[in-house]
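Next come the structures, one after another.
Below, chain A partners chain B and then partners chain C, in two separate complexes.
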Partner chain A sequence: MLLFTTKIVGWKFQSLKPLLSYYKNTYCLARALSVNVNVVEVENGLASIVGSKYVATSHAICEQHSHDESYHRHLLPSIVVWPQSVGEVSEVAKLCTAHKMPMIPFGTGTGMEGGVAPMGPSVSINLTKLNEITDLHLDDFDVKAQPGVTRKQLNYDLRSTGLWFPVDPGSDASLCGMAATGASGTNAVRYGTMKQNVLNLQVVLADGTILHTAGEKRRCKKSSAGYNLTELFIGSEGTLGFITSATLRLHGQPEMTKSAVCSFPTIMDAVNTAMQILQCSIPIARIELLDETSIKAVNNYSHLTHPEMPHLFLEFHGSAASTGEQVDQTAEIAGLNSGSEFKWAETQEEHNHLWQARHDLWYAVKAFKPGSTAISTDACVPVSALAEAISHSAALLDESGLIGGILGHVGDGNYHCFVIVEDDQAKLVESLTKAIGKKAIELGGTCTGEHGIGIGKRPLLKEEVGEKTLKLMKAIKCSFDPLGLMNPGKVFS
Partner chain B sequence: MLLFTTKIVGWKFQSLKPLLSYYKNTYCLARALSVNVNVVEVENGLASIVGSKYVATSHAICEQHSHDESYHRHLLPSIVVWPQSVGEVSEVAKLCTAHKMPMIPFGTGTGMEGGVAPMGPSVSINLTKLNEITDLHLDDFDVKAQPGVTRKQLNYDLRSTGLWFPVDPGSDASLCGMAATGASGTNAVRYGTMKQNVLNLQVVLADGTILHTAGEKRRCKKSSAGYNLTELFIGSEGTLGFITSATLRLHGQPEMTKSAVCSFPTIMDAVNTAMQILQCSIPIARIELLDETSIKAVNNYSHLTHPEMPHLFLEFHGSAASTGEQVDQTAEIAGLNSGSEFKWAETQEEHNHLWQARHDLWYAVKAFKPGSTAISTDACVPVSALAEAISHSAALLDESGLIGGILGHVGDGNYHCFVIVEDDQAKLVESLTKAIGKKAIELGGTCTGEHGIGIGKRPLLKEEVGEKTLKLMKAIKCSFDPLGLMNPGKVFS
Partner chain C sequence: MARVLVGVKRVVDYAVKIRVKPDKSGVVTDGVKHSMNPFDEIAVEEAIRLKEKKFASEVVAVTCGPTQNQETLRTALAMGADRGIHVEIPAADYPKVGPLHVSKILAKLAQKEEAGLIIVGKQAIDDDCNQTAQMTASFLDWPQGTFASELKLEGDKLTVVREIDGGLETIELKMPAVVSADLRLNEPRYATLPNIMKAKKKKVDKLSPSDLGVEIATNIEVLEVSDPPVRDAGMKVENTEELISKLKEAGLV
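The block that comes next holds the complex of A and B.
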């Protein structure tokens, strides 16, 4: 029997149909259909663990916890709860498990694939009250951060140490959330993604077990001790457990940083430049592509005056001699591909403004049509296939008549189409995303370079890894979370 | 009922006692005790799959497949088989599963923790007949190698391409075996370990399923599509399945390479130099420590004439300007720690001889007592703890009275004690290994930086990651290999 009380505020405009249809699509159908949740009891239980002021069921708060920055909209969570410690996260998990109540870890809500959107009655567990930065080891370049700590906050705290954390998705995301998504950003071409920059994770499983993926103390650079559970949790999108702290690898702030922009007559000239820079093993720190539409958006939103042509935004890190060398080699390659002279960010303000503008691009594109919804595709291909992939995406975008631009971390072969979506264009956008993902897979790439699978890319995941590999992933999920309570409906369909 | 026929050649000097005691220590005791293997039937079945000339049960061949380069000696495999293709590996796995016969993947047999040593009736599956290098993508810096391809063979094949594969354990190991162990080597400080250099794996599960951990085609640099099964198989030591090909990340051969050695009055001066080089973010390619005993061994075995003092062997990669800078900074740091002038490898021959001598150190130490057994400990700690860890190990080695030296990839905080073992010293060596591992764990490190857990370090794994984390590892093992047939008794006890 399905029992929902009037306290499930998210359900007032919903029938049971979407729930049933959702559960029909999950891999643990039989169990899901027997779900029997007394929400009032769960709410009271949660209040007794965290205190009633840290439990909410109001529509406004539930709505805020029902989505990320993507267009994916599903149901509202039944309850939102803010545990104050790892112990409370564990107690909350035990309670939810006892009531067979699905749990959704919530950080900054800045995901791009609907990873925090509830797909049935559920508790959204907001982890941002756990916000300590601890165990900073200046000699070893490592630090521990809890889920409430964002990447900017960490770097602000580190500003006087000579160290920094380089992984930088567009938004100021939670570091633990970035681990959960397998995020990356503009610096990945030189410093790697979250995969290369997490040494250990503290996690809480659905049954409340608290553990460290690499043991309580480990923070050394390498190990071959047993299975790599740290990497397994990176990119697991809250489906295996809560990430309650991450031991992160830091890097020395470069002795010198030089940033420049360079325009090109065509997007292919810019792409070819990026490819050749990588093929020459130039240790470039950032190499970002922005097409004509993206440049228009950046100019409008961030008050810049770049010519409305495809651009590469470039950054070089190193000593004076080594950045000098990198710049010379890069300029030569750009010149051979009809690139303009480099326009340098001369001051720290210009440098910051340039890269902030790049990071704000998502909001800049949305500003084309204030209040609009936007989507971002996220494909990644081998570098040699980048020209073909981007030209295929550009043609699709053109044919669709949608407003949007192409940009990306081309140093990794990773690129996005940002597209404005009208209410009646959902199907069009879905087919665009699917076609871009399929092409990337065909070219030896992936349907998601850094956004994760979430809700939207579940069919593409199957296409990318195949049925047999997916079955192994599901086997892991089932062995970690046998009741299927951790963020159900995400990653797998 | 336990049924062993006379064809189990490995058992002729064995009683059932070790088998029962082994199975008592495994986590699937109940199943193991019900094992009922008709070896003749398995042998006939294998011959019908691979042809009888690729199946062997002779004592000499079984003995050769019963151990790696470590001191761990257990039983002989019942049968050795050489499949010729991935399809045959799959058929062999299906047959063994049908007969509940344990399977042990075998590559070059150069492991250091007994990973290939049978612990009961089993088939040793020698994968070296699968020895193709395919799918070389010069533009994308990636290639595919089967288990019969060793690291030196791959680099020899790549010699004219401008690319190379940097991971270099001491021996000329199989690349797929290196993935299975989570191996690294002298270049890891700059180029990473196998974890950072494998893009995809083809694996065969115990039930014969053939799959790719990242889908059939994927070879792009990054992805956040689903769980990271590639990393899960790296370091799984044959306990989850056979690795039948690895898609590897290649690197551009450096424009310039400079190698030097530098001697120090004490081992601590050398360690402090290494720590400070890393803390200054100098992008050094190799930084290897050799203590006085190791230098003696190297001098004797490789006909070198280094002063018998602790040394750092150093290598710098980059352009002329950047290597020049790295050398100047490193020399300054070494000088501040009482290091000698750098002695340069002036020619390519000198360079090769220097590093070959370093790689041959294991054999050089063994040559102190020809025909002797040696062991290598393998601890890794955060760099700031290196001085404490090494000084603790040196004191233990001194107290023990054992002949041995200390050396290591100190750029990663990873070091080894090489020790000569007499027949009556097994217990002494075991307690030394345990004490070194425990100290490393206590200091935030690991009991194994690159050798894996195998047989010898199972108790230390539990100590390092804790009971709860170990339980998750076992849950994965059980879901991939429910009958516990893949390399049983390794990693877990």
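The block that comes next holds the complex of A and C.
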């Protein structure tokens, strides 16, 4: 195991420390775990389930499966395996459990909190070979998607049906992965997050049990039958089981879509505008904040030409009449806060380009220092506290001298600070993000609105939910996964 | 203002993993998802934009094929085409149909419907022929603007920016003309539920190829369809000397 930790050149970590802390801190029969796992035996067993073509231990493949979009880098998985069916996922789980080998589900690797980064010997189970879209019900607006299906793929598949799936995190993520992290996106203010748009999940537990969280054929809009296991799995970040299919709630394509941008002299003007739009209950479809640095980034990376000032990117959905009304009301509020005239996206191409630029902000900010890593905070506070939260973050960011942008889904009270991490700044960035998370918690919010706890936010979880609630969460984890083999070290340390 | 004819083809969906039939006579199409050829979606979108800008009076979508092609027509109507024409070809005869037949059909329809502009996708993603626009223009003796990435209509003058190997070529055509749509011409709109409902009520005329004097006979016989060969495993070498000696052994240097 130490062999492949030392093979990683260039990542800053202390080779023994994560290993030791992993063993020390995992609960639920930690002693029984992996010290004596026979990796070769597991490898052979996996090959007999999925075929040797779909088992890999090469450095390149393990490296690809050792991280997501975040800066978290720990160890490489011992083995990567690609099951081709739910049955194979179940057999793989049974085998790993028999060998007490930890398992980490892997989708598109586009997470933001290090959810897939192994912290000890583990098997990375790449679920993307399960990639079917099935059971589309046009009249009921629901469809099922397996882990290999991404959000853009699903919407492309649905393009002629008049239906779409609105949850849109920045990357083209796996829908099941989005369920696992409780993802959200620019459309959440109007259409909800994954929580509101998943009707049922097919999951495989660590012991290989295949079950449906709402019952096998369930696809109704609401239910009071028993405990809500579907919502329990949403945001569980691979710690309770594998998600192998998601029954998703679809929405009708809006009759008319209008997008515009509006600039403001200060970031507070933009934030106040956002708060007032929501307080007037205008059913705005997208309302995204971009600060000066973020605008510089999109101009640079996506070739837009906006003045370098704080902006709100807006989108209105509805009929011609209702969008007209929404636009008038919003323009009035923006005007009262010194907002500029709306600059409209006139064509479909301009519209697509605008929102792709917004989605690409993570890469755009990182492009200020090519090859750099970056972190993202994910504070989400009650809307009325947004101004205080953002001004606190902006002040901290300014003081620190770090390169970063403040942006995000102000419609949900959720905003991100994308901060570039240069080699000697790790400690500074860490204390900044901790302070921002703590402030959010202080204001009645959460340190993570949509990205998950992963690795970096584990200390904040206790502060956020409190000791008793945390204890209850751990008890639930133990009942799903008594051996502690599902993605150990994530969510809880 | 011109009447615009748009050709749409029903093909196996772009995202489907294609499989060859065990008897090697073709690819599996039964039970497989089909949709409108992506380049034809772009063609339909362009035609509708011309109508929205009041350069076109009417957009007529045309498809040639068996009953299932009605779905493809309905998608075009849901995007905003005014009416459809289904040139019905029985499923048994459909494999014989190719660009030669479709272009004869489109040419006859263009004359019958007094169209001023024909827009089709540059090629279909199943056969990759890239022939229909060119042959149609030839049958009609109309000018052609193929691989269009930009279209501008002023009176009876059509300016087309074409994507060619060396870059972009701008040409001027006198209407009536034939255009084939390339990828960057536009980004098509999504169908909305109300428009899908309205599309159900739009007029679709049914014709047969013989109504247009076109015979479905072919001189081409498909002998075999097979998968591309499986890639051989590579080999690892220890150093550049070994690399060069292996390349020499294989007669490559």
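As a working rule, the second predicted complex is superposed on the first by the 469 of 493 C-alpha atoms of A that agree within 3 Å, B and C clash if a C-alpha of one lies under 4 Å from a C-alpha of the other, contacts with A are read in each partner's own complex, and residues count from 1 in each chain.
Quick note on the criterion: a contact is a pair of C-beta atoms (placed from the backbone, for glycine too) under 8 Å apart; a residue touches a chain by one contact, two chains touch by 3 or more.
Only a predicted model underlies this, so the values are computations on that prediction, with no experimental measurement involved.
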item: Touching partner for A:160 - first (chain B), second (chain C), both, neither; value: second
item: First (chain B), second (chain C), both or neither touched by A:449; value: first
item: Chain B versus chain C as contact partner of A:400, first or second or both or neither; value: neither
item: Contacts of A:220 with chain B and chain C, given as first, second, both or neither; value: first
item: First, second, both or neither for A:234, with chain B first and chain C second; value: first
item: Which of chain B and chain C A:340 touches, first, second, both or neither; value: neither
item: Chain B versus chain C as contact partner of A:493, first or second or both or neither; value: neither
item: Touching partner for A:252 - first (chain B), second (chain C), both, neither; value: both
item: Of chain C and chain B, partner touching more chain A residues; value: B
item: Where chain A meets both chain C and chain B, residue numbers; value: 252
item: Chain A residues within the chain C interface of the complex; value: 153, 156-157, 159-164, 252-255, 348-349, 352
item: Chain A contact footprint on chain C (complex, rising order); value: 13, 15, 33, 35-36, 45, 75, 78, 186-196
item: Chain A-touching residues of chain B, taken from the complex the two chains share; value: 137, 139-142, 181-184, 188, 192-193, 195-196, 209-229, 231-232, 234-236, 240, 251-252, 275, 279-281, 318-319, 321-322, 324-325, 380-384, 412-414, 440-453, 457, 460-461, 464-466, 468-470, 472-473, 475-480, 491
